[in-house]
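Below, chain A partners chain B and then partners chain C, in two separate complexes.
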Partner chain A sequence: MLARRQWLFAMAALLPILAIFAWVRFYPIEETLRMSLHEWNLISKTRPFIGFANFQELFGDELFLTALFNTTVIAFGTLAITIPVGMGIAALINYRLGSRLAGVFETTTFIPYIVPLVPAAMAWKWIFDARLGPLNAFLSLFGISPLSWLFDPVLSVICVIVLCAWQAIGYAVLIYVVGFRNLPTNVFEAAKLDGASGLQAFWHVAVPLLRPITLYVSVVTLISGFNVYAQAYVLASDAQGAPGRQVRVLVLDMLENSFRNYRVGYAASEAVILLAIVLLLTLVQFSLLRERGAR
Partner chain B sequence: MSREHKSERPAGITRTAIFGATLGVALLGSSVSVLADQITVWSGYPEMAPFYQHVAEGLKAQFPDLTVDVEAIGLRDHEKRVALGISSQNAADVIELATSSATRYMQEDLLQHPPADVASYVQDPANFDKYFSDAASYNGQVYGAPLFRGQSALYYNTDMFKAAGLTEPPKTMDDYTKYAAKLAQRDANGNLTVSGWSMRLSGGGQGIAEKFWINMFQYGGNIVVQQPDGKWKMTLATPEGHKNLAQYIQVVHGDKSDTIEAPADSDAFERGQTAMFIRESWVIGDIAKKAPDLKYATSTLPMGSIVSPVNLFVGSDQHSAEAWAFIKAATSPENQLWMLENVGWLPNRANLDYTEILKKTPQFAAFVQLPKDYKFFQLPNIGPADEFLTRVAAKLTDDFADASLLNNDAGIDAALKSASDDGAAVLDRAGILAK
Partner chain C sequence: MTVVPTEAETRPLVAEPSAPRRPFSALNLVIDIVLLLFCVLMLLPLLFLISNAFKTPQEILAWPPTLIPHDPIVSNFTAVLTTTPLLRWIGNSALFATLSTICIVATSSVGGYIFAKFKFRSLHAIFILFLATAIVPFEIYMIPLYFQAQQLHILNSIWGLLLGYMVMGFGIFLIRQNVEQTIPDELLDAARIDGANELAIFVLIVLPLLRGALAALAVLAFFQAWTAFAWPLIVGTTKDSYTIEVGLALFQTGFTIDLGRLSAASTIVLVPSVVLFAILRRNFVRGITATGLKE
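Here is the complex of A and B:
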């Protein structure tokens, strides 16, 4: 009886929170799913049901496929840079640098994560500038001809990856540093007694033990990579006098379809594809990186 | 002590409640009165903000307490907020919008109808030519008032022309290519330092297709043409389109008078990084502010120009009297001339006397003193105009960067057909493609 009353009380206490959560989380997702099956131009009073026609059209749409490809490359490119670099810097901070400097280095690497994105992207835009940018000036010291970083189809995607990774690494380092500090010291002592070098201990002991951290960082990085927008928009926008090659990404394509082309149902179907991809990849990451036997 | 304390608490609460309620009512009252005397203007051209403030100042005599909040942002973001604002019934009181973008809202009757006196004012040919009043109307219903228009001309740096031995602006499109080659400047390594002709080669949005269309029009062509049945036929993959794309490729990959990565547009012209480019009249106002010492002139284009009428509409019925008064003031002859002189956009008001302004700024002549046979075209007033142009632009951007198209007629035809097919798909989906 008491347990039932406690359960009812707990439910009553949780209900408002659950209601808010459902309203701000599940309702928009449900609306997006519903909208993806309809044709709606944002201002018309009718929204005819068209089944999976939006999805059928998507897979023949060159702009969408380009956006999907670019977004995937950017997300995995960012992941490929962020995880090893973040882990490496965190290891250096934890093992190689004096404790006084460790805090300074942690802060320094974390700053890009909290710097507002638009001014940071503008700074990177200058760095990548084909004529005046310091990157080309630096490369010229080695006899490398100036590159059109923001205009070449491949290089412009690389630029977006660099900017995304620059931001994500700070967060990854912070999480990895916490992970390193919580690793049990006895396993390293045992490895040392068994004759393992520092590098071997790092590779064969620390990296496997950090698997849960790697799982978390990779999921967060990949999801944020698939949601890339502002980085591409600012680096290659259509501002007068600063033309760039527009790196088409999924969120940009959705915005364009929603508010320039007035195809809200079509944009919703893109959002559903994005949701499915992120969910699938997250599940794959969990299955690959979750410790054996762990629930 | 305790009793006294208890007895005081209700009185304190009461006093606080009364004070709070009074303050709340006062604040609510003041905010309501502020809201009643404030209208918001949404513009997609940041350079227009001083003009709207100027109009607001002039309205003080009629509405002493009126505050005008001008929110002028970049065009693409402006179009997005208009879409969201109108669809959610949270639009500004006054909205500035090009006819090509406003058509879908007029079709759905989502913009406020003007009072009879304003409708008569707009339809009076003494105030506006029929072309412009029609551009602010749909199916005979007036929705807004004509404000300004985008119309293109050639801007050229007279010092650079002189240094290259050129004494007059180009007259034909062949001249443009030859001039660009002569005007291009390079460093010791052969890298382009000043482009001979800044073409719109990259970037986002429909601007690329619009600029391509302007050049194609000089060859007598159009990207799309309306048929007698009201539907639209793609005419991009035609001999005119071929000549036009071939010229782009020649300039970029043949003569290398312009490059994809070269600084472009008005900023480049103002900084002396390009010798000539085609743009609307607002650049004159921009140069006056940013590069007042620049030596430049303007010229009409070989065949004619684009005309993009921009109008003022009322997006909300809350302060419609003030909003329509603001719109009438903005389109008065005095304010229209002020706009031309201080901002640079071409007024749509009829029968204006430009004599004084032309004396001060002769560069406006290429926009208002036109040859008799000068032709005009406008973007199609169709719902999917933006999407159609964006799709074509996406293909053109790739084509401009494709060096293999140089002297490659078959490649150019294939590229144009591909872009044309993309545009046609958009029109077909909207049910307006002529078969």
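Here is the complex of A and C:
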């Protein structure tokens, strides 16, 4: 009797939330999946089912392949900077935990993560600017001739990576500092008794113990890397907004196919591929964590 | 990479930490210097941005770039504020972020509580569904959601923006965790025996105990909406409906580039965000680390 009343209360409370989720999450996700299997154009009336034809076409589409390649490079490039720098800085902050400055360091490294992206990207855009930017001026001190950072197809990808890593590091440091704080101290004392130096203890004791955290930060960084858009949009659009010069990333390609070429079904199939990548990364994370837990 | 002009500025700051009574340690000093340099490097782009906002066009071009303008001017700010609807965009962002926060906190607190304390199998299935939406990135179902907004005729409005940010799958998860850890079943059962109805238990007992977690979630939700980019970009196409992030990004493409004004506009967005973060830092960090420390 009591259980029944509780169940009724729970359902009554959940119903509106369930309705909102159905409306703004379940339904559009289902629509993405459905559209990806249809020839769904904005301008045509008929929207026939075409199976996996969109996906087949995607893997011959040079623009899409460029986008996929760039996005993958950005995601892994960001990861390659974020993890070692994040872990190293967190280790140093953890070492100085007693000092009054530790909090200042922690907060400061976190600021790039919380600032709105567009103004931050403006700052970087100026730094990378070919004519006015301090980066080229700085490099010229060493006799390096000015590079057009934001217009060269390779360099502009590097610029996006730098911006992404600059933001991601703050997050990584924060998570790692908590990770270091939660490490059992007796392991380190044992290592010290065995004659390990601080650096050895860090490398052979802390790094392996932090593996679950590294895994977590890696997956989060990779997933947000695969969803990169605003960074590329702001950094690589110039005064005329010349689209040909933008760093082509997945989300950009998707929006262009949908709103410029009116090929919504085709864009949806790109979204499905993005989803598959994200799910794969999440799956890898869970299975690695489980494997660890079993041991 | 070293940054020559800043080293001089960091020096007076370094002198401080060696002052305390703690025995002098060369290693600690070296670590502090490394961390300070790193922090300065992280903040430098933002500091230059703010500095550029106060510079004359001539000084912006000067090498080496000055961190403190020789004769600061405010005309960049007055020009930006009089020629662009910057304040309107900030207002849009603030309203959007506030409404989104209210919706997310309301749905997450109810949902999280129900899922934590009402253990019915049917509810658990729904919870798994909600959690699954937290893994799917917004970009995946953004396009179908756009067409939903179009059908409702709420494009170019706050309501259109809100449609994408009404719920947060992760928020429900966060509150559920919190309820499980901090609110014992006995407390609720005691209230039930005393004759309190379910609604009263939630409002009078559960909500007050969740204050900290809800504050953390609110800050997270607010910043998420405040810094949103892709969704506001496609939903808002009229100048009056831009959020600050979109307005700023389009400001640079739509107008002739004037670095001073661009920096001033960016500063107007940046500074309040950082101040807000500084005030809410504790809540923010709590929310962020909660994501990393589940397991």
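By definition in this document, the second predicted complex is superposed on the first by the 243 of 295 C-alpha atoms of A that agree within 3 Å, B and C clash if a C-alpha of one lies under 4 Å from a C-alpha of the other, contacts with A are read in each partner's own complex, and residues count from 1 in each chain.
Here is the rule we go by: a residue touches a chain if its C-beta (ideal position, glycine included) is under 8 Å from a C-beta of that chain, and two chains touch if they have at least 3 such contacts.
Everything numeric in this text was worked out from a predicted model, so none of it was measured.
Touching A:Phe259, do we find chain B (first), chain C (second), both, or neither?
A:Phe259 sits against chain B and chain C alike.
For the overlaid complexes, name the partner, chain B or chain C, with more touching residues on chain A.
Partner with more touched residues of chain A: C.
Looking at the overlay, does A:Ser197 come into contact with chain B only (first), chain C only (second), both, or neither?
Neither partner.
With the two complexes superposed on chain A, say which partner A:Gln56 touches: chain B (first), chain C (second), both, or neither.
neither
Scan A:Ser44 for contacts with chain B and chain C and give back first, second, both or neither.
first
Of the two partner chains, chain B (first) and chain C (second), which one does A:Leu101 touch, if any: first, second, both, or neither?
In the superposed model, A:Leu101 contacts chain C only, not chain B.
Regarding the shared-chain residue A:Leu174, is it in contact with chain B (first), chain C (second), both, or neither?
second
Across the two complexes, find the residues of chain A that touch chain B and also touch chain C.
On chain A, the overlap between the chain B and chain C contacts is residues 237-241, 255, 258-259.
Quick check on the complex: what are the chain C residues that touch chain A?
For this pair, the touching residues of chain C are 4, 16-17, 20, 28, 31-32, 34-36, 38-39, 42-43, 45-46, 48-49, 52, 60-61, 63-65, 107, 110-111, 114, 118, 120, 123, 126, 129-130, 133, 135-137, 139-145, 147-148, 163-164, 166-167, 169, 192, 198-199, 202, 223, 226-227, 229-230, 233-234, 244-246, 248-249, 252-254, 256-257, 259, 262-263, 265-267, 269-270, 273-274, 277-278, 281, 284-285, 288-289, 291-293, 295.
Spell out the part of chain B that touches chain A in their complex, as residue ranges.
74, 76, 79-80, 83-84, 86-87, 104-105, 108, 110, 191, 200-205, 207, 260-261, 263-268, 383-384, 386-387, 390-391, 394, 397, 401, 422
Spell out the part of chain A that touches chain C in their complex, as residue ranges.
Going by the criterion above, the answer is residues 2, 5-7, 9-10, 13-14, 17-18, 20-21, 23-29, 31-32, 35, 89, 92-93, 95-96, 99-101, 104-105, 107-112, 114-120, 122-127, 132, 134, 137-138, 166, 169-171, 174-175, 178-179, 212-213, 216-217, 220, 223, 227, 229-230, 233-234, 237-241, 251, 254-255, 258-259, 264, 267-268, 271-272, 274-275, 278-279, 282, 289.
Any idea which chain A residues touch chain B in the complex?
My answer: residues 41-44, 62-63, 130-131, 146, 148, 150-151, 153, 236-246, 248, 255-256, 258-263.
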